[in-house]
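One structure is given below, encoded as structure tokens.
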Amino acid sequence: MLDALWLIPAAPLAGFILILLFGRRLGEPAAGYLAATMVAVSFAVTVGVFFDLLGNDEHHREHVLTLFSWVPVGDLQIDMALLADPLSITMALFITGIGSLIHLFAIGYMHGDPKFSKFFLYLNLFVFSMLMLVLGENLLVTFLGWEGVGACSYFLISFWHTRPSAATAGKKAFVTNRIGDWGVMLAMFLGFTTVGSVSYGALNHAAEEGGIATSTATGIALLLFVGAVGKSAQLPLYLWLPDAMEGPTPVSALIHAATMVTAGVFLMTRMNPMLAAAADWAPEIIAWTGAITALFAASIAVAQNDIKKVLAYSTVSQLGYMFLAVGSGAYVAAIFHMVTHAFFKALMFLGSGSVIHGMHEEQDMRRMGALRVMMPVTAGTFIIGWLAIAGVPPFAGFWSKDEILLFTLASSPVLYVIGLITAILTAYYMTRQVLMVFFGEARWESHAEDHGAHGEFRPHESPPVMLAPLVVLAGLSIVGGVIQLPSFGIIPKGWRHKLEDWLHPVVEPGEAVIKGTSAYDAKVWLAVLAIVCALSGIALAVAVYGRRRLRAIEPQLLADGWRYDAGVSAFMGGPGRRAFDALARFDARVVDGAVNGVATLVASTSGRVRRLQTGNVRSYAGIVGAGVVLVLIWFVIVRGVL
Amino acid sequence: MVAATGSALAFPLLSMLVFIPAVGALAVTLMPRRRPEYAKLTAAVASVATGALTVWATQAFDTADDGFQFVSRHPWIEAWGISWHLGVDGISLFLVLLTGLLFPLAILGIDPHNDDPARDKPYFAWLLLLEAGVMGSFISLDLFLFFVFFEIVLVPMYFLIGGWGYEGRVYAATKFFLYTMVGSAFMLVSILATVFIARNNGLGYVTFDLVELANEAEFAASTGRWLFFGFAVAFAVKVPVFPLHTWLPDAHTQAPTAGSVVLAGVMLKLGTYGMLRFGLYLFPEAAYWSRYLWLTLATIGIIYGAIAATMQKDLKRLVAYSSVAHLGFIVLGTFAFTTQAITGSVIQMVNHGVSTGALFLMVGMIYERRHTRQIAELNGIQKVAPIFAAAFMVVMLSSIGVPGLNGFVGEFLVLIGSFATARWWVVIAATGVILAALYLLWAYQRVFHGEPDEENATFRELRWGEAMVILPFLAAIFFAGLYPKPMLDRIEPAVDALVERVAEHTDFEIPTPTIAGEDDR
Amino acid sequence: MIAQSTIADYVAPGVDWFALSPYLVPAAGALVLMVVGALTPTWPRGLYAAFTAACAVGAGVLSLFVWDDITDGAPGTLVAGALSHDTFAHLVALTVLVATALVALVTDGTLRGTSGDGPEMYALMLVAAVGAMVMGAANDLIVLFLGLETLSLALYVMAASDRRRTASGEAGLKYFVLGGFASAFLLYGIALLYGAARSTNIGEIVEYFQTSVPTERNDALVLAGVALLVVGLGFKVAAVPFHVWSPDVYQGAPSNVTAFMASVGKAGAVAAMARVLIVALPFHRDDWRPVIWVLAVASLVVGSLLAVVQTDVKRMLAYSSVSHAGFLLVGIEAAGHRAGEDAAGSGLQSVLVYLALYGVLVVGSFGVITVVSAARGGSSDLASFDGLAQRRPVLALAMTVFLLAQAGVPLTSGFVAKWGVIQAAVDERSYAVAIIAMVAAVIAAFLYLRIMVSMWLKPADNDDAVAVPGLTAVAVGIAVAVTIAVGVYPQWLLDATDVVSQYAR
Amino acid sequence: MNPTTTWYLVLAAVLFGLGAIGLMVRRNPLVMFMCIELMLNAVNLSFVAFARSFADIDGQTAVFFVMVVAAAEVVVGLGIIISIMRRRPQATVDDLAELKG
Amino acid sequence: MELFVFICATAMVLVGAIAVIVSPNPVHAALGLVLTLFGIAVHFVAMEAHFLAAVQVIVYAGAVVVLFLFVIMLLGVDRSEDLSIEPMPIQRPLAVVVGGGLSALVIAAVLRVRDTLGSDEVAAAGDTNIRALARNLYSDHVLAFELTSVLLIVAVVGTVVLTRRVRTSEDAS
């Protein structure tokens, strides 16, 4: 199957082209099924490739498929080439797997939308781009996908472009991402200048051999991190992600939770030898950025009332966890968390989509409540997702989060504490969300009249095509942890560290690094501590929102996201815009003014000189005479006498 | 057919590229006044024939040869050592191709909207004359000949802007004409000085032949720098390099659509092309010596053009300022002196021609429908004309430089190539990529997104005829973005030779990666 | 010794009638016009003009034969050293004769049917042409002066000849007064030079400076003489600041006369200046070159600047001709670097070629102005050109060609002319003046653009019927043909004129 | 003490200067014209003085030609003046300034 | 004796010239011109240029000045010019500077070379002056002599052109 590697991106690309050509004729729901099938084909091929690789011994789990020479100029030889190795196939597996589920979901969700086929057009293009991103053999192919997903994200966020907020959000996402792209590009330039290639193989090889100076490696790593910050919505560039919730919910699930936003983590993992070769403070910066983002976003999520906004900030927070892992050297944990996060966050986004669908486009949680009765499947699956993200064992999230915290403690206790606090907050705000949406009294009845002309408003459960993906994802959220079980005594040896072993050729073995540290020795107690934290967070939320024992603390400052977004907007719209305007005026008045000034000067000088031409012949004689005297002075005095 | 390389071809291919449009222009002029449709037909035939020849030339081009091909050389004004010397190499080939393909599209696809059909005749005649001039500039290998074509181009462009432009056309046309002529004034003196100084310093005879001058003449460093300066001023105006750019927004905005397309598509490249062909090639020392100046101006241009574009209220003006920024990349690459950077510059010249040409084309279509180019008066077009919007989006993304589309390849090569020799300039210039997204997306949002108001609700969707004009642009955008290799293969040898020439004449060392790019795949 | 001379010593100088024929034919033609014209009733349509043109063309053909003689043999002098027998002289003569022929054709269109129609104007033209030719050929300063006066007096009269317009009289008077003033300077210069070099004959002057011991030289006298000569000739050339007369006179004079002044008048004056400075005074080249430099730059700048702000087309072209004079002076300055040396450079050639090409161009331009302003009752206001392209597209196209050529756009003769001058200057490393000249040309280009804008881009504000008389059309057509032909293929002209730097004295 | 050539030349220069002054200050075209005649006479004086000092007849010949030119100039000049002043007898050159700029 | 002649003639020249410049009445100016021309003629005689002296008197003082007076009478422009007013304030100072500068500079040049000027001896005897002139005129300067005839054609044709009656609207009114 390895030679069919090209099929993985090709299938969604084919879907894109087919829908582009025949989309309108196919119509609903054929276009949706076509798109979903294409992604499913891709998934099937990926699975095939996965098993092929699995069949090889761990040093031969790498396959490069060169399609054609893309940008060959002198030393710079960049191929359009795909790389199948454990990391890329892991990514591809959950991209295509979750992707096909979400496609399926979207068929139901987008029912009745006039631009139904166009939605799947974009979705397929996105999957293609995302696959190019992860399968790329070199930075440039990755960058192709990287920008491609950015563009698709832009299309999809502003899918309902007649809404100004959607259009603005799409633009914001693109531009903010571009700031990150600046870093990726510079990293490529620096890499090429140093190594003479932008292929991962060459770059990482050079880094491993120690051929790259520490400063250069630091530069490359941090520049890539700038890109990752943009793509994965970390501080200070996370702004676009909450706004991106303007897009249809499947988009939020696929792009802004499961796949695209993890690209930054993927890239850092892919280039981990470079990070290893970098100065010590480089990973620290990454870890701190991740930790602060995790805490910061979690604190904002506590006060959000929009069902999707909570999930969006939660995503930012969880991505922060992943960077915390990367910065702590826990690449496997990062990937592990990325996978489990993909499961449960996709699940919850789809669940929220189902809720929104059932609530006729209502997103405000304050107008929900007690939905578990109306939407039992949605509620059930959502609760599984909740338990997973909150870190309750044995759900998937517990295992991955625990592994990250373990590594974090090994590198920095302070970061560990931040991680723990974030974990408590996560459990708290997720519980809050579940309680507000699915439990308590039904607040939607009182607002029924707001929703259209229906005499009676009743939330309804979604169709099976939407529920099926929820169920599958719920299952994965429960058992997802098995791919990387820790070496606790109660877990059979053969079940431990599956992911780590699989990823081994790409990423240095995880726990071996911290083996012998006190953190490693206390790992069981740490797990217990994590469980306690999760439960206490849940308990707190129940006390506040379930039992009403405590008053809810939802300061406006947090609801406004620490006013960071508003501040940036104020700056861009205020001084920033004024500065741009000033430059535009400078161009018109000074630069162009100088040119027109010359013209004016010519005209005014001419006008003045012109007055000498009085029309009076005597004054002409005077001018001529004066000229004669001057010429005579030159000849007689200057040339003759002197 | 075997491509003749470095020697004369039995068929005077390149001369035909000049003569066919020139004769076409004459023929159009002589058409009967009552039958304006003949004018368009003649123009179309002439431009398509020229285009076909350029395609043939591209196909027959020998990728292994770094010298001039399809050379045609005949004495012209022997008294002054001037010959009719034409040839193409990798640097000029695609500009010739672009010229050859852009003009038929402009002639066939863009309606000049003459209220008086009699005005079709001069319109097409000027366009063909313009094609002859531009084509000649790109293939001239004689300084005099180049200057002649470089200057002659002004006249038809002047009349096209002045005669078929918008409100402020006369001002814009005049500004364009005078601005460029000031630059040319310096170039003319420089050309002459080059020739005479070369004669006095060993060459022994007067010749305007580029190749002879480049190979035989030696200039003292200080002399070369002055001479280079003369050339550079003319090219800097034409490019235009900040701060000599202010003619461009006016000219672009006021020009008729075909004029804008051609102006942005090929005419600006006369400057960047000239910089490579005459600046770097003749005066490598001076070019290298002055590189920081150019790098800085280019970088300023990139940022400055982008910021100025952001604040424009007129869509066409916005695109015009975006040209300032894009051309900045070309200049940046030119003065980075690495193979990748200069190849990138050449590619970018072509790509900018395609994408900005297409942008102007579509802005023209917007104007045609709405009779306004003010961004504030446009909104919600995507809802009523989704296909038009989609095409615009693709072109815009190409202009933004999204990988996979043509705009990226050039920018990327320029930046990656320049990084080794002009690191900090690249760091700043790369931020232009962010700004490009900012101003174009902002404009796109305001024009295409949202709910259309009453006036925009009847915006007409793309017609088949219009689509046929845009389609080639889109095809080129995707092709050059995904498979630029055929272009790169043809461009690279000539660029390599140029870079080596610079290295030979200066203490410039062609940068090599500190770690040999060993391949461990 | 003079005292002892007797009649018996007298030997009549040899006269090579064939070599003189180009001068004699127009003079004779003028006499025929006067005498026969006075004795016969008014000649039928266009015959005066045709006859005049025929005389000029005939003289031109003779001049070509003489040219052949000179290039076969060697340049020399004629009639006791009074005239140079060289290609320099004949290139000027050809320029003058071609311009005269063209102006004659244009004049017919202007005068036919008016009271001014008669043989006199044509006779004046032919005589003036002789004067201009003599200026270009003079090998004696007195002869040069006489030629100049012949030309000038004829021009004064012609300028004042349109009695219907008061401006014409004013132009004639101004030209006359200032011209007399300038002639006095020129003459005084000749006198002082005579006082220094003991002769008015150029050959003898040069010989004197060559042979006399430096201490004996009367340098101060020479320099004062040169100064006054430069002034006198600079006036005729219309170099700033001695140009003051030209805008008024160009504007006031009838358009056809202006064409004559700008072509023939300028040709004679510049040729005379070149004769005096380059041929007669090569030993003082370092003295006069800076002055010419300043005059050139001043002419270029002031001419271009003032042209831009005018509203009358004739006045615009008057100032532009001042600017062109600047270009010509650039050429003379360039020639001055190596005046008198064997390898003289191409300065002189460039000046004379410029003159020839400019002559044709300017006649064409004023030819068009003549017919356009005729339709507006003699007004040559810029507005009268509005929308000309709609009314008379061919005429507008012709004017455009002339204007582009004057602006120095390639593939026109104007470009060849400018290129020649600039390359001569650059060859002598006069970079500054070359750049100033080119920038001035750009400023001047604005003015040509204004006229083009008026013709092509403005709506016609009137529907005056612009009638183009047949002979005028012929003249304009020839001028266009020459302008473009030379622009595209200047080789033959350059080859042919390569010999002009081998002048006689 | 006999007058030397230099004396004559100085006188000529003074006369020439006076002529120039006259031309610039007088407004009557006829008088301006007379001033030109003064200047020409100054030149003639110089010519003859030089001719005498070299014992050369060329200078005198030149004067002869100058006189002819002066005569012709007078004829033409007076013709122009008549043609203008017949209509405006009291016109001074200051009044003839329609063409300007 | 020669000195006396020189002084008298110089006085005539200068007084006449000043009269031309300052006399308000054009007739008086013309008379001043005659005085100057006579003075010049005297100088010519003193310098042995007899023929020129004669021509000077006959042609200049006789014909030319008469022509001037004739025109003055014909046009009736013998009214005095008010010289006390100068509409252009800069004109008179400029005139003095230009005229004075001209004279001064030429004089400076002359004085600088006065030693190198030729001998002051009288060149030719009276009766041979004319002969020498004739010989010179018809040999070395024969072309110039012939050219004067062309010049005279101009004068003749010019007067014809300028004095011909024209039909103009102004004349009609």
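Order of writing sets the labels: A, B, C, D and E. Residues in every chain begin at 1.
We take it that contacts are C-beta pairs under 8 Å (C-beta built on N, C-alpha and C of every residue); 3 or more make two chains touch, one makes a residue touch a chain.
Everything quoted here is computed from the prediction, not taken from an experiment.
Colleague: Touching both chain A and chain D: give me those chains, sorted by label.
Modeller: The shared contacts of chain A and chain D, listed by label, come to C, E.
Colleague: Taking a step as a move to a touching chain, how many steps at least join chain B to chain E?
Modeller: Counted as steps through touching chains, the separation is 2.
Colleague: Per the definition at the top, count C-beta pairs in contact and tell me whether B-C or A-E has more.
Modeller: B-C
Colleague: Relative to chain C, which chain's C-alpha centre is the most remote?
Modeller: If we average the C-alpha coordinates per chain, A ends up farthest from chain C.
Colleague: From the Cα centroids, identify the chain that ends up most central relative to all protein Cα atoms.
Modeller: B
Colleague: Which chain maximises the distance between its CA centroid and that of chain E?
Modeller: A
Colleague: So, what's the distance in Å between the C-alpha centres of chain D and chain C?
Modeller: Averaging C-alpha atoms per chain gives centres 25 Å apart.
Colleague: Once you find the CA centre of chain C and the CA centre of chain E, what distance in Å lies between them?
Modeller: Chain C and chain E have C-alpha centres separated by 29 Å.
Colleague: At what distance in angstrom does the C-alpha mean of chain D lie from that of chain B?
Modeller: 65
Colleague: Between chain A and chain B, what is the gap in Å from one C-alpha centre to the other?
Modeller: 37
Colleague: Going through chain E residue by residue, note those that touch at least 2 other chains and give them in order.
Modeller: In chain E, the residues touching two or more other chains are 91, 94-95, 98-99, 102, 105-106, 108-110, 112, 117-118, 123-124, 132, 135, 140-141, 144, 148, 151, 154-155, 158, 162.
Colleague: Please list all residues of chain D that touch 2 or more other chains.
Modeller: Within chain D, the residues that touch at least two other chains are 9, 16, 19-20, 23-25, 27, 32-33, 49-50, 53-58, 61, 65, 69, 72, 76, 79-81, 83, 87, 93-94, 96-101.
Colleague: Name the touching chain pairs, please: which are they?
Modeller: A-B, A-C, A-D, A-E, B-C, C-D, C-E, D-E
Colleague: Under the stated contact criterion, what part of chain D meets chain C in this complex?
Modeller: 9, 16, 19-20, 23, 29, 32-33, 36, 39-40, 42-43, 46-47, 49-50, 53-59, 61-62, 65-66, 69, 72-73, 76-77, 79-81, 83-84, 87, 93, 96-101
Colleague: Under the stated contact criterion, what part of chain D meets chain E in this complex?
Modeller: Checking each residue of chain D against chain E gives 1-11, 13-22, 24-28, 30-31, 33-35, 37-38, 41, 44-45, 48-58, 60-61, 63-65, 67-72, 74-76, 78-83, 85-87, 89-90, 92, 94.
Colleague: Touching chain D in the complex: which residues of chain C?
Modeller: Going through chain C, the ones touching chain D are 2, 142, 145-146, 149, 153, 156-157, 160, 163, 166-167, 169-174, 176-177, 180-181, 183-184, 187-188, 190-192, 194-195, 198-200, 247-248, 251-252, 309-310, 315.
Colleague: In their shared complex, at which residues does chain A touch chain D?
Modeller: 610, 613-618, 621-622, 625
Colleague: Any idea which chain E residues touch chain A in the complex?
Modeller: Counting only chain E, the residues touching chain A are 88, 90-91, 94-95, 97-99, 101-102, 105-106, 108-109, 112.
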